[in-house]
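Order of writing sets the labels: A, B and C. Residues in every chain begin at 1.
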């Protein structure tokens, strides 16, 4: 059974000027322990897809959502708002773009960590929380967990905060981790290190990941499988190696061609928009 | 003769926590017509250096000369005109309450470029030169896409006919397909108009394809300066190697280059 | 402008504000034609009909010297609105210019200007006005002066805060790099971005100016008889409550309608302008 299964997901917003369609029928699935990337440009619908999975858009009055989102076989639409909220931070967790702004500057890391752990088990004592938090931080190769737990987020570097976010996101052993452009706000070398770390940890714990990104290089290094999304439609999906070696959809090809290469192949001549980008979905299969 | 000469320039900020040396004893000559990339991570001092070149900040020590003459902090009008800027965030760089045309026309009015009656024509020509329709001059920046706004920013900078343009992460906020078009546009404009660029970025893959020379900055110091091809094949410092090694790559040739650099370390 | 009004009419509360403000303006502008007894705005005495309860002849009754209260309310609106407009037309530009310069130029200009503003803000507004009116003669012009003196610092503070944050925007840097002067950047680049907040505040303030002016008149320091004023009408009638309730209730309601209307409209404008801005 898939950890996450999305079938024909459609989303539109009702505004003053009528209805705006954002998603036109997304199909996507993630198996246990699988790392799946959803890659696309801004406005493609990748972030709203993540927000629907997190149950954050269902509460919006002007959002119209149809189709199925099944988490561990359970339909999100059939759940109450409260049970969707209970999933967040326990069986489903998330990591965002900028770790420093995602943490509350007025509380210590230790206190915020305890809150995360108590989402799973309200009865945990302060000592148990401290021990578990220290263990979780140690996993992320943080040299002095006790010092970090006593610190406030602004006293730590961006890279350190990102490690804290990763440790928190995995502390409750979620089935699914949603990472929305993780570490994009960080320096390239720090982002590379934290992604490697995240990769190792989710592999160790067999955590499934929905990895949202616009950066093809990062996707190539992180994901097992890739979905390419363009204007609310999946245009191509398949194993990472196949997508990068043999992209078949015009949009995927354009995206790949547009990335400047460190080998110095020159500046690519690709169109910003093309009718070919709207060609039907191409699937390479699951590859496994 | 070099177009811009940065000689032993340092910048120290006095903060409550003591002095912070943002730029330390930097020496670079920028040649006419070249694209010099300044790369480094956050806190490397690259933006501080750019602000000194633009005359927004004064240097604590050293001098910056343009065409052989030392630049005072309070720039004369002609010096201001000769060195222009394209910023990273195209949304913030344009005033939401003023039209696209007004933004471009500001420089023309400031320097009295062209006859008054011709200036709207010049604004339209500036828009067309960056691949935008002339009618866009009446639009509000908020009605434009990120790529269009960045093209307007470029048109505004070039309308006053500068010799040197400081490009501060000009494509970092753009989607990759838009970035590709804007980078080509910048390249074409440089070639056609004989412009000189100082291209500030953290994206080494972009640098590899646009710059003639690369200056690598680390904590306020210039650690390596060389021709682009040389920096990317035989970097002299471990820091430059580590920067290139951290670039996420998309094809096997790139991966091979990265691995080769890692072995050389 | 037209679009803003159209959007306002979509929200029931803003629409109510728009209607109330419209009524007040119509009442003030057309007072000479709408008032059943247009001469009653002055020193008219009709002791045969004094202190009458509301009737078909006098919809809101008559006052202690026999003048029609409805007619006097219409004329009082004229005075209140004029006072409000004059105060805001003087106070807003002064406060805006000071706030803009302090916020954009910074340095010692900012230090000096904002300390002066702080001094004005630290004096309770009504006390300042009472002090000024004590020194000056209590005339309508001086009432306007007093209210203006206590009003501009709030605009300086508002505009200063916006200009301070706009100063960090890229478009200001762009104008500086191009070489535009301080007046251009302050008035042509930054000021337009302050206008939505200024217009909203002016609308809300119309209500407050009317209240302050009425308070001054209530204390006998504002508009002097026989000129009709809502505040002095309430003050005069207060002694005859509850028997001659019409003397206070109708002028009081008139103040309420005007202030409530301007506040609703101001809140509506804030939403519309901030979303569009």
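FYI, a residue touches a chain if its C-beta (ideal position, glycine included) is under 8 Å from a C-beta of that chain, and two chains touch if they have at least 3 such contacts.
This one's a predicted model, so the numbers in the text were calculated from it and none came from an experiment.
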item	value
Path length in steps (a step moves to a chain that is touched) from chain A to chain B	1
Per Cα centroids, the chain farthest from chain A	C
Chain A and chain B: spacing of chain centres that average the CA atoms, whole Å	32
Distance between chain centroids, defined by C-alpha means - chain B, chain C (Å)	50
Separation of chain A from chain C, taking each centre as the mean of its C-alpha atoms, in whole Å	53
Touching residues (chain side chain B, partner chain C) in the complex	54, 56, 75, 77, 80-81, 83-85, 87, 89, 92-98, 103, 106-107, 110-111, 153, 156, 160
Interfacial residue positions of chain A with respect to chain B in the complex	41-42, 187-192, 214-218, 220-221, 244, 254-273
Chain A partner contacts - residues on chain B that touch it in the complex	41-42, 146-147, 175-181, 183-184, 187, 202-206, 208-210, 228-229, 232, 242-244, 246-251, 253-254, 257-258
Contact footprint of chain B on chain C as seen in their complex	169-171, 173-180, 184, 188-189, 192-193, 195, 277
